[in-house]
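Input: a single structure, listed below in C-alpha cells.
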Amino acid sequence: MTTDAAGLALLSLLLPAISFLLLGVVAPFRRTGRPAAWLSILFAAGAFGAAVLACRAQGIAGEPTRLIWNWLPSEGRALATIGVLVDADSTIMLVLVTLVALLVQLYSIGYLSDEPATALGRYYTYQSLFAFSMMGLVLSPNFLQLFMCWELVGLCSYLLIGFWYRKPEAARAAVKAFWTTKAGDVGLLIGIVLLWRQAGTFDLTDMRAMVESGALPVAGLSLITFCIYLGAMGKSAQFPLHVWLPDAMEGPTPVSALIHAATMVTAGVYLLHRTSWLFALTPDVLLIVAWIGAFTALLAAVLACVQDDIKRVLAYSTVSQLGYMMAAIGAGLSAAGFFHLLTHGVFKALLFLGAGAVIHGVGSNDLSRMGGLARKMPQTALLFIIGTLSLAGIPLFGGFLSKEEILGAVWAHGLVGPFILLMLVAFLTAFYMFRVVFLAFFAGPVPVSVASSGSPAHVKASAAHDSHAHGHSHEHDPPATMLLPLWTLGLLSLAVGIYFTLIAHALPVGEAEHAIEAPAWLTPSAVGVAVAGILLAWLTYQRRAIDAASLAGMFGPIRSAALAKFWIDDIFTFTFDVVLLGFSRLVGWVDRYVVDGLLNVVSAWTLTAGDRLRMIQTGRAQDYVYGVAVGLLILVLWMRWALA
Amino acid sequence: MTGFPVLSVMTWAPFVAALIVMFFARHKPLLVRWVSLAGATVSLVASLWVYWEYDQAVAGFQFHETLSLVPQLGISYLLAVDGISVLMCVLTSIIIFAGVFASWTVKERGQEFYALLLLLVTGVYGVFVSLDLFVFFLFYEIAVLPMYLLIGIWGSSGYVQPQGIFGWAFGRTGVGSKEYAAMKLTLYLLFGSAFILVGILALYVAGGSRTFSFLDFQAMTFDPTLQSWVFLAFYVGFGILAGIWPLHTWSPDGHASAPTAVSMLHAGVLMKLGAYGVVRLGMGLLPDGTHQWAWLVGGIACVNIVYGALSAMAQKDLKYVIAYSSVSHMGVVMLGAATLTVAGLNGSVFQMFAHGIMTGLFFALVGLIYEKTHSRAIFTMGGFGTMMPGIATAFTIGGLSSLGLPATAGFVAEFLTFLGAWSSDHRWWLFPGVVGAFLTSIYVLRVVRQIFWGTKSEDPHFQNLPDAVGTEWVALGILVFVLVLFGVAPWIAIAPVDTATVPLLMRLAGR
Amino acid sequence: MGLAHYLTLAATLFCIGLFGVVTRRNTIGILLGIELMMNAVNINLVAFARFSGSVPGMVFTVFTICVTVAEAALGLAIVILLFRVRRTVSADHLDLLKG
Amino acid sequence: MTGEVIAFWALSAMLVVSAFAVVLSPNLFHAVLWLALALTGTAGIFLLLDAEFLAAVQLLLYAGGIITIVVFAIVVTERLVGERITQTNRRIGAAAGVSLLLLGLIVNTLWNQPLATVKASMSSADLTKDVGESVLTRFVLPFELLALLMLVAMLSAIYFARPEE
C-alpha cells in the first residue's frame, strides 16, 4: 500500500523532469511554442493525477515510506542519498504543488498568448523545471536533497522573474530575488553542514529517530536551527529578507501565483514544519521565529495598505500571511502553519490568477486605472471576492479555520505580543484586500489628491473609466483556459472553507493530541476585526464616507515611511552599492596596485639593477683589458694571502 | 600490469599529433585541425578507457608501465594512475578536446599554435600519470613553458592605468601587454618550479639517492624537520601554479592575455597541476609536514576564496572576472585539501574537476563573445540575450555552477568541501567558504544581467551579433553536458576518487 | 744570472706592456703594447726552457712567435678596416662590444 | 760569467727604457721605432739564453715583419705621420697603479720562490738542431697547423685590407 504511494510519488516527481529534459534538450521542439506548452501541461496533469493517487494511497495515517538511492558514496557508505520520502504531509503538499502548477500552466496558455513561440517554449521549460524541483523539495527524504531542490526552485524563481529579461526592472528584480534568498541560503547551508556534523546524517527519518530517542546532542543546536531558520527566512520572505518578494512581481502574473504565492515561498514554512521535531528542541529559536513572523505580518500588512499596484498588494499580503504561518510554527503548532500554507496556497493562487485576469484585461497593474470592473468581468470579480474573503478569514471561506488555528495557537502558547500583532494584521488584511476589491471592481479610484498618485494622467484615466476611453483594453472575462483554473481554485477554496467551517472543526493534518484549547471569544473577535476592516474599506473606498486622504493623514508619518518601504530596501541598496561594491573595488585596487604592485616593484628593481650593471659594459676592448688586469691583480693578491 | 601501454598512448598521442602538425601540415590549416583533433580524440578515448577499466575494488595505482632510463641515478619512466589522477586525466582530455574546437578559428600561425597546445597537453598528462618524480618534473616543465610562446604570440594586450605608490613600476614593466603577461606567468611559474625541484632533490638525497620513484618515497619515513620545509617548498612551488594568495597575480594577467584555448587549458587544467602536486607530493609523501602546515594552507585558501571573489566583483573586464573567479575557486580546492578529511579531500578533487570544466566553459564563452563583439568591457555591453541565446544559456549554466548551484558540478564540490571544513581542526574555515560562494553568486549574476539581460546596448558594434555556430557548439555542448552530468550524478566521479583519498588520509592519520 | 732575474725582467716588460694596452688611445698603440706583453711571455718561455733544459719550451717559443705575428698581422688588418669604416683609430670610439 | 752579467744588465736597461718609450711616446711613429729597439733587445736576451735560432726568428719576424706592418698601418691610418693627438687616455694613473702593484706582487712572489740559479746542461751542444728536430718529429702536427694558421691569417689580413669595391 505505502510502497505504492512512494512509487506514485516518484512517478509524479519524474514526469515534470522528463518534460523539462524534452523541452530543454530538444531545442527545435521547444521553439514551437504551443505544442511545447501542451506537452508540459500534459505532463503536469499526469503528475497531478499521480500525486492525487499517491495521496489517497498514503492516507493520513499511513506509515512514512522512503525510497532512496546512494548519491554520494564515500568510504564504502552513502554520504548522501536521493529519493522520496512519502508521508501525509508530503503527499498533501505534493497535491497542492501539482495542482497549482497544472492550473497555472494551463492559465499561462491564455495569459501569455501574445508571446513569441520561442519565449513560450522557454517559459514552459522553466515551468517544468520548477515543478520538478518543487516536488523534489516536498518529497526530499534528507536535508541535502531538500537544499538542492531549494536552490533549484530559487533558480527557477530567478529565471521566471526575469522571463521578460529585456525589461531592466525585471532583470533587477530577478537578481535581487536570487541574492536575497541566497543570503538566507547561506544560513541554511551552514545549518545543514553543522547538523550533519552533529547528527552524522542528512536523513530526516534517521534524524527524527535520533531526536526521539534523545541521541542527538542538544548542545549547540540552537545555532543550527537558527541557521536553518535563516534559510526559511530568505525563501519565505521574513523580515528583513522580505524585500525581494514585492519586486518579484515583475515576472508574469501566473509565475507570481505559482512561485511567489502558493508554492516556493512557502517552502520555508514547509521546511520548518518538516523539521518541527528539531525546532522543538530549541524553544529560544522558536520564540524568535514567532516574533519575527508576527512582526513581518504586521509590517507587510502596513505596506500593503499603501500600494497602488494590484500585484504588489497581493505580494505584501503573501509576505504577511507567511508571517502568520511562521508565527504558528513559532508557537509550536507547526501543523496550523502548514494548514494555513495549504489553504493560503489555494486562495492566494486564486487571487493572483484573478489579478492576472484583471491585468490582462486592463493592460496595467495600476489600481488607479481600474474601477467598476465587476460589471465587465463578473466571473473574475466573483472569484476574486471569494479569494479575498478567504484571505480575510471569513467563515465558510478557505482561510477561516486555518487563521483561527494560528491565532489560537499563538494565544495558547502565551505569546501575547505576537497575538496582538496578528489581530491587528487580521484587521489590516481585511482592510487592504477590500480596498483592492472596491477600487478595482466597484467604485473606482479616489479621484483626487491621494498624495502618491497625483499625476494628471491618472486623474484623467480614472475620470474617463466609464466611457472605455483609455487604453487598448479588452475588459471582459478571460478565455476558458484562464477561467477554468480560476473556477477550480475558487470552488476548491470555497469547498475547503465550508468543509472545515461546518464539518471538521479541526486540523486535518498533524498530531491529533495537539488540541488547542482556544478561548471562546477568539472566533468572534477574529471575525469581528476582519469585518471591521471590510467595513472601513467599504466606507472609505466605496461609500467615500471617510475621506481616504484624511484617513491617510491620520497616519502621516507611518504612511510616508510605508511609502518608502520603511527604508529597508534603501539599507540593502546602500549595503550593496556602497559597502559591498566599495569594498570589492578596494580589494580589486589593492590587488592590482599593492599586491601586484609590489611584484612589479621587484621586477622594476631587477630591470633597473640590470641597467646599472650594464654600465660596466662600455663596449671598449681596453676597458675589458683593464678589468682583466684588475681581476688578475685580485687573483694574485688572493693567492698570496691564501697560500701564505 | 603489462599489456597495452594505454597511459603512454594517452600521454604521447598529443605529442605525436604535434609533430605531425609541425612537419606534415604546413599551409594546410584544415589538416592541422583534424590532426590535432585526432590526437585529442585518441587521448580522450584512452582516458575514458582508463576510467572505465580502473578497478575501484582494488584501488591504489594501476596500469603500471616501467622503463628504466638512468639506472645509475634511479630515474625511470614509471607511469600509473590512481583514482585522483584518473579523474584529472579525464578532465584534461575533455578540456583539450573542447579546446581544439574552441581554437578552430585561430588564423595566425595556426600550425605552431596547435603544435604548442598539444605539446603542453602532453606535459599535463605526463604530470598526472608519472610516478617517477624526475620525469614528473620534466613533464611539469613541458606543461609550463609553451605557455610563454602561446601567450606572447597569440595573446592580446590591454591597458592598465598606473596608480598608487607602486605606480612608477607599472610603466617600467609594461603592465597590461601580452608580453608582460607571458613573461610574468613564465617567470612566476619557473620560480615556483625551482622550489619544487629543490623539494624533490631533498627527498631524493634524504632517501639515499637511489630512486626517484613515488612509490619508494611513499614507503620511507622522512625526518619531521625535513618534511616540514620540503612541504613548504612544495606548497609554495605548486601553490604558485594553483594561484595561492598572494602569489596569484600572474593568473589574472596571464589568463586575460591568453588566447581562448590557452586560457581554457591553463585555468582549466594547469592550475589543477598545482593543487594536484600539493595533494600528491605534499600530502602523499610528507604526513608530518602536512599536519604541521595544514593551518597555513587552509588559512591562505580562505583568503583566496573571499579575496578572489571580491576582486572579481571589482573587475570591468570580462576575462579578468573569470580569472579572479579561478583564484577564488582554487581556494576551495586548497581548502578542501587542507581539511584533511575524506569529505573535504573528495570535495577538493571534485572541485579541481568541476572548476576545470566550468572555467574552461567560461573562457570558451568569453572567447566567443570577444570574437563576435571585439570587446571585453562588461559595462558597455547589454541585452545580448536576444541575439545570442545559446551563449547566454551556456554562460548562465557556467555561472550557476560557479556559484555552487545544485545539479551542477560546482555544488557537489563546494558542499563536500564545506562538510570537510566543519569536520576539520579549524572549523571557522567553513564561513569564508560559504561567504565566498555567496559573493560568487553576486558577481556572476551581475555579469550575466549586465551582458545578456536588460535593454539592448545602443553601441553600433553590438548590433546583429551572431550566436555560436558549428564547431563552437561542440565545445560548449561538451562542457555544459559534463558540468551538469557530474552535478546530477556525482558518484561517477566520487567513487574512484574516494578509493584514492581514503588510503591517503589513513596514511596521513597514522603517521 | 739566475732564472729569477730573467723572469723579473719579463714581468717588468709585461707590466709596462699592460700599462700601454690599457692607456693607449690609439688602436695601433694598443697593438704595440700587446706586442710588448707577448715579448715578455716569450722571454719567460725561453728562460724557463733554458733553465730546465727542455727543448719543447724552445719549440713552443717558435710557435708563440709565429702566432704573435699572425695576430699582429690580423690585428693591423682589422685596424685598417676599422679606419676605413669609421674614419678613426681611437679606441674610445670603438664601443660596439656591448649588448 | 761577468760578460753575461754585464750583457744582461745592459740589455735589461735598454729593454725597460725602450718599453717605457713605446707606451709613453706621444708620437706613435717614434713608439714603433722604440718597439723595434725593444724587440732587438729581446733577441739579445735570447742569445744570452743560448737560443740563437729564436734570436734570429725574433729579429726576422718581429723586428723585420711586424715593425714593417705597423709602420705601414700607421702610414695608412694617420695621414700626417706624428699627428699630435693625445695618445694616452684618462686612466693613466689607475693603470700605472695596477701595473705597478701587479709587478710588485709578481716580483715579490718570484723572489720568494726557490728558483734555479744556474742554467741546466743541455743534452746536446746544438740547441738549434734540437729545436729543428723536435719541430719536424714530435711537434710536426702543431707545426703544420701553425703553417695553416699563418696561411689563414695571411688570407684574412688580405681579405680585410682589400681595396674597397
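Chains here go by letter, A, B, C and D, matching the order in which they are written, and residues are numbered from 1 within each.
One rule holds in what follows: a contact is a pair of C-beta atoms (placed from the backbone, for glycine too) under 8 Å apart; a residue touches a chain by one contact, two chains touch by 3 or more.
Since the model is a prediction, treat every value here as computed from it, not as a measurement.
Listed here as common contacts of subunit B and subunit D: A.
Chain centre most remote from that of subunit B: D (centre = mean of CA atoms).
Set side by side, A-C and A-B show the greater C-beta contact count at A-B. With centres taken as mean Cα positions, subunit C sits 95 Å from subunit A. If you average the CA atoms of subunit A and of subunit B, the two centres end up 37 Å from each other. One finds 62 Å separating the Cα centroids of subunit B and subunit C.
Separating the centre of subunit A from that of subunit D, both taken as means of CA atoms, is a distance of 102 Å. Shown for subunit C are the residues in touch with two or more other chains, namely 18, 22, 24, 91-92.
Among the residues of subunit D, those in touch with two or more other chains are 89, 91, 95, 98-99, 102, 106. A complete list of chain pairs in contact reads A-B, A-C, A-D, C-D. The touching residues of subunit C, counted against subunit D in their complex, run 1-9, 11-13, 15-20, 22-26, 28-29, 31-33, 35-36, 39, 42-43, 46-47, 49-53, 55-56, 58-59, 61-63, 65-74, 76-81, 83-84, 89-92. Interface of subunit C with subunit A (complex): residues 18, 21-22, 24, 30, 91-92, 94-99. The residues of subunit D lying in touch with subunit C in their complex are 4-5, 8, 12, 15-16, 19-20, 22-23, 28, 31-32, 35, 38-39, 42, 45-46, 48-51, 53-54, 57-58, 61-62, 65-66, 69-70, 72-74, 76-78, 85-89, 91-92, 95-96, 98-100, 102-103, 106-107, 110-111, 113, 115-123, 127, 130-131, 134-135, 138-139, 142-143, 146, 149-150, 152-154, 156-161, 164. Chain contact summary for the complex, subunit A toward subunit C: residues 614, 617-622, 624-626, 629.
Against subunit D, in their complex, subunit A makes its touches with residues 622, 626, 629-630, 632-633, 636-637, 640.
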